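In what follows, chain A forms one complex with chain B and a second complex with chain C.
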Partner chain A sequence: MALSTHTTTTGFLLPSIHSAPPFFTQQPNPTTQSIASEQWIRLILSYARHRRLFTLRVEDAETAGNDWDEVLRNERINRRVLPSYLSAIIASMAAKNVAAYEPPKQNRSALLYWRLPEEWAEVLHEWAISTGQLNTILTFYDITDPPIESPLTNIPLPLLRKAITILAKTNRAQLIGVADGEGVRFFAGSK
Partner chain B sequence: MALYRYTRPVDGTIPVQALLYNDEELLASQEGVGVYNGLQKSPAHQSGTVHVTTHRLFYIDRKRTRNSFALDLGYVTQTEYYAGLFKSSPKVTLHLASSATSSTSNPSSSFNPSTSSTWECDVCAYRNPPGLSPAAARICGLCGVPRGSVPSSSSASSTPPSAPSPLSAATITMHHDPEEGIPCPACTFLNHPSLRTCEICGGSLPRPARRRQHSTAASKSAPSSRPGSLYNSDLDADDDEDGEEDGEEEGGGRGEGGEVGMIKISFRKGGDKPFYNVLKRSLKGKGWEIKGYTSRTQTGNSSEPERNTIGRSGISGILRTVETSAQGRESNMKDALSDLEALMVKAGDMVRLAAELNERLTAMSSSAAGTVSSAYSAPGRTGLPEPEEATFIRSSLSQLGLQMTNAPVTLDMMKDERKWYEGLARELAGVLQGSNDGRGKEAAGMMKHRGIIALDEVWGGWNRARGVALIPPQTFLLTLPLLPAHTSPPINQRTFASGLSVLHTPPYTAAAFASRLSGLITLSGPMTTMGISEEERLTVALAGEMVAAVETDGGVCRDDAGCFITGGGVGFGGGEVRWWLNVFSGYVWDGQE
Partner chain C sequence: MHRRGVGLAAFDRQEQSKRSFAELSSALSQSQVDHLHSQLSQFRTALAHFASTHRDSIKNDPSFRHAFQQMCSSIGVDPLAGPRKGGWWAEMLGLSDWQYELGVQVVDVCVSTRERNGGLIEMSELLRLVSRLRGVMGGVITEDDVIRSIKTLQPLGAGYQVVDIGGCTMIRSVVKELDEDQTVILAVAQLNGGRIVEDQLIQQKGWTRDRARAALENMLLRDGLCWLDDQDEEFGRSYWVPSAMQWDI
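On to the complex of A and B.
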């Protein structure tokens, strides 16, 4: 019964509740279940942040051998999250606006907002300023795969587009159509 | 008197079992009894043991074994039972058939085989063994032909008992020294006196004329049975030897020779009831008739005993038995049905009477209401009280189950109902918790060792305890709310989410069970429903219901075996839910931020 935290091979500190077998079972009692999913969401988001993972699929619970193994399975207590339970967790994340189904209109896979789009927008703008790329046109590829690693490396395009849209609302960025895709131009930011 | 006319002395020194015929069975015994000869006590038979068999009634005197006697149950026409009052002991009266002596008028006409010796059937030459009851001994055990039905020239010389003279000696058994037997002229083996050939070498035995007279009497063992119809001559023989003791009683007996006799058995040391039951059963069974002859049929048509006997044996005998039993059954059924019909007629009368009464009452009250409501209109008819008699009659009718459809349920009746429910609740409390009042602990109660019990079981158990006037489920449910007031500790009803209703003692309230369950899990780790049911001594289903109730309150949470990575589980049954304390409540995040 004495539950303890555990550090995974990737250096992530799992909470003690991850060692409790009931954590992996969907609880019929709504009060209990709300607490459980709260902990799950927190665990998933912090792990995603730790591993810089952006998507979570229901399939991740079905088979072993993917990025989410350390969270969705606990070999030490012989428990795993059932796909149905993971699907329910994702649904509750989408409802709490900490994830969004991506692509939309399905519920098998979701984009995780371990930073909200507004936060990403700020990150993106700061990155543009810090690298001196204001007023120049950048392709999405330049942002997601810059020569120097940035917080935005590998950011999924839908999330990037959302962040740019938010910046555009405050006139700090402009979405431009270019010949081979889309581009963006950042501005200094004026209210 | 009756005692001496119907009974036959037996040797009281040997156990009763040894006095029985081969086809006779000892059914019951009772010691400490006295015998009344007619209405008077028989002084010679005041302390002994009475045994009832399928054929006979034995009285074995405790001190003076010479006074022991046996009575053929075939003589008994009627029995009476007297339960006893104050100092008077319970008694069983046996009325004896008056016709029993009639057959003695012509002893020579009926054939009276002694049962104490073997005899050879004239037809099939089967050697019939001794020791059967007189009725059974009359016919051949193999072919069913009555003995002596075929006149045999050699019978007189070959079968000693066929001569009537030794029969008189058959009853004097106890006064004779045991016969030493007949020495075989060839091998000198001392043979049983009733044997005609030597048991060892097979040579024929000499039959001395003097011995022959007593050869049958010498056998003291079981088959010393009575050749029933020759009783008077037996008595004479007995009197001759035993006269100095029973002289005056016997003289009295002679005096009222012709009338119906009776014998009373007084049970000084109890045991009367079971004995009487056994006696009745034995009389009903008519064990002495089974093989054919009965003393009664014999006296009825003593002129043609042979025909009767033939009819009773073989296939025709079986057919006749079946016929007789079918007839008997039919007549019994008819009797029962006529009783039922009479009852139904009476019930119809009752219902009609009730209906009439009710109508008259309704008419009376409505007319009364009409006159009163014309006098003052405001309160209306509802406030009118019915006459007390009317309500009383109606409630009595409803209690009798004769409630009419148009009869209103009055307040009076309601009062009675409430009282009734109160009474029911009290009774149910007794059934559940045991009735300790009165005669000590006779009923343990259904909930003595169990704190929780399902309603259906309670209902079934209660009705089983009642036996009659069973309680319908509706009434049962109405009784339950009153139950806590009559029980200590109070027994309450509880209904689970699934709709299952139970009765439970305070330890099984939701709160008490939840705290006990959490203690249990803390102590012995996560548990399955099965484990909990074992621990709590509940059925699995009931334990499941109770744990589910605790889960709904957030006391426990589940760990489903379906979430195992490998197999159904490690060490415990797969697919099962193990219950944990609620690990989520009060959890503070201690993982990576």
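On to the complex of A and C.
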């Protein structure tokens, strides 16, 4: 039996380890498990990037029929990631700072950092410059749902807020209250 | 040439002297080149003579070999340089850059697959991956080549070893002794695409359940030589030996 890569219906190339049955079991040997979780983290982040998914929940492993089916299940070998294992993977992602529990103080759902908040901050700033929106007040809605699709379309608010906070530290953005919630103003700043 | 002649004859004379100077200069440089050639070939013979008389020491004594290589590099001769196959190093010592290159690639494959196979790789799998790395068809690199390359790596003390497990040649890249039971387990796993369960060992090898379980759990927990699968359709719990599985990447 050869373990090979597989291209999913959404055009994602699954690595060959995804067709290995034991990949779906939490490994009792810590060294082996650290290898396995490294592989899972890489897989989850690249899939999230591929489909622009921002959230991973333990529930995603409980019931089929969600965005994560292609990764958390492998029907061809009849294996799936059990919720307890997914919970452990999410925990190690949070420990490695490639994900953060969102909302905080629970461990069922996490925000995935396939781009780190610092990287999102740069993307955000570049977008503001390239669309000529410096020095004007933008609502969060203007950013998450712009008339022309941008790299920031549908970015979750907690992540957006983090990115703005990072920009604020270098005086490139300022959070402000507007009539119906929050807004932000970007400045050219110096890099 | 202090006095320049006048008239047409002077042109001829000038032409002629120019020609003879050119002839003289090319004759001079030719003799210089010849001299250099003879010096080079003399040097080469001397080096070759040295290499062949001290061949055994170079091959067997790591510190002597090191000194020889240092000497070569200090005079600007790279003993490993040369055509892909052959080269005088190869003729003199039975080694070549090709062999070393292969050794490096063997290490590359062993190290990069160690994570998933626990440092044990089957010969055919290694050959396949090395061939892929080199971009050549299977068969160009033989088992013998790999074994020889691994032998050249021995002075490095990396612990690469060729072991025979159940009639299957494997390369071990971690210093780990396999006990007899593990050897049997690896051989059985080899026949089943890497999967192994207690009952196979009980039925095929006549082991007791305790012995089978202990050996498998040891491989799993102590040595990290296999992975656990707790969703096995047949037995609920099976063990997978990554080095016995066929990986496409």
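Miscellaneous remarks
As a convention for this text, the second predicted complex is superposed on the first by the 189 of 191 C-alpha atoms of A that agree within 3 Å, B and C clash if a C-alpha of one lies under 4 Å from a C-alpha of the other, contacts with A are read in each partner's own complex, and residues count from 1 in each chain.
Operating definition for what follows: contacts are C-beta pairs under 8 Å (C-beta built on N, C-alpha and C of every residue); 3 or more make two chains touch, one makes a residue touch a chain.
Source: prediction; values computed, not measured.
On the superposed chain A, the two partners chain B and chain C do not both fit; they clash. In the superposition on chain A, A:His50 makes contact with chain B only, not with chain C. In the superposition on chain A, contact is made by A:Asn78 with both chain B and chain C. Of the two partner chains, both chain B and chain C are touched by A:Thr25.
By the touch criterion defined above, A:Pro104 lies against neither chain B nor chain C after alignment on the C-alpha atoms of chain A.
Of the two partner chains placed by superposition, A:Pro147 touches none, neither chain B nor chain C. Of the two partners, chain B and chain C, it is B that touches more residues of chain A. In the superposition on chain A, A:Phe12 makes contact with chain B only, not with chain C. Aligning on the C-alpha atoms of chain A brings chain B into conflict with chain C at a single listed stretch, 529-537, out of 439-447, 457-465 or 529-537. Residue overlap on chain A between its contacts with chain B in one complex and with chain C in the other: 1, 3, 5, 15-17, 20-25, 27-29, 31-32, 35-36, 78-80.
Within the complex, the chain B residues that touch chain A are 522, 525-526, 551-552, 554, 557-560, 562-566, 569-570, 577-578, 580, 582-585, 587, 589-593.
Partner chain B is touched in their complex by these residues of chain A: 1, 3, 5, 12-18, 20-29, 31-32, 35-36, 39, 42-43, 46-47, 50, 73, 75, 78-82, 85. Chain contact summary for the complex, chain A toward chain C: residues 1-5, 15-17, 20-25, 27-29, 31-32, 35-36, 78-80. On the side of chain C, the complex with chain A involves touching residues 115-116, 193-195, 220-221, 224, 227-233, 238-240, 242, 245-249.
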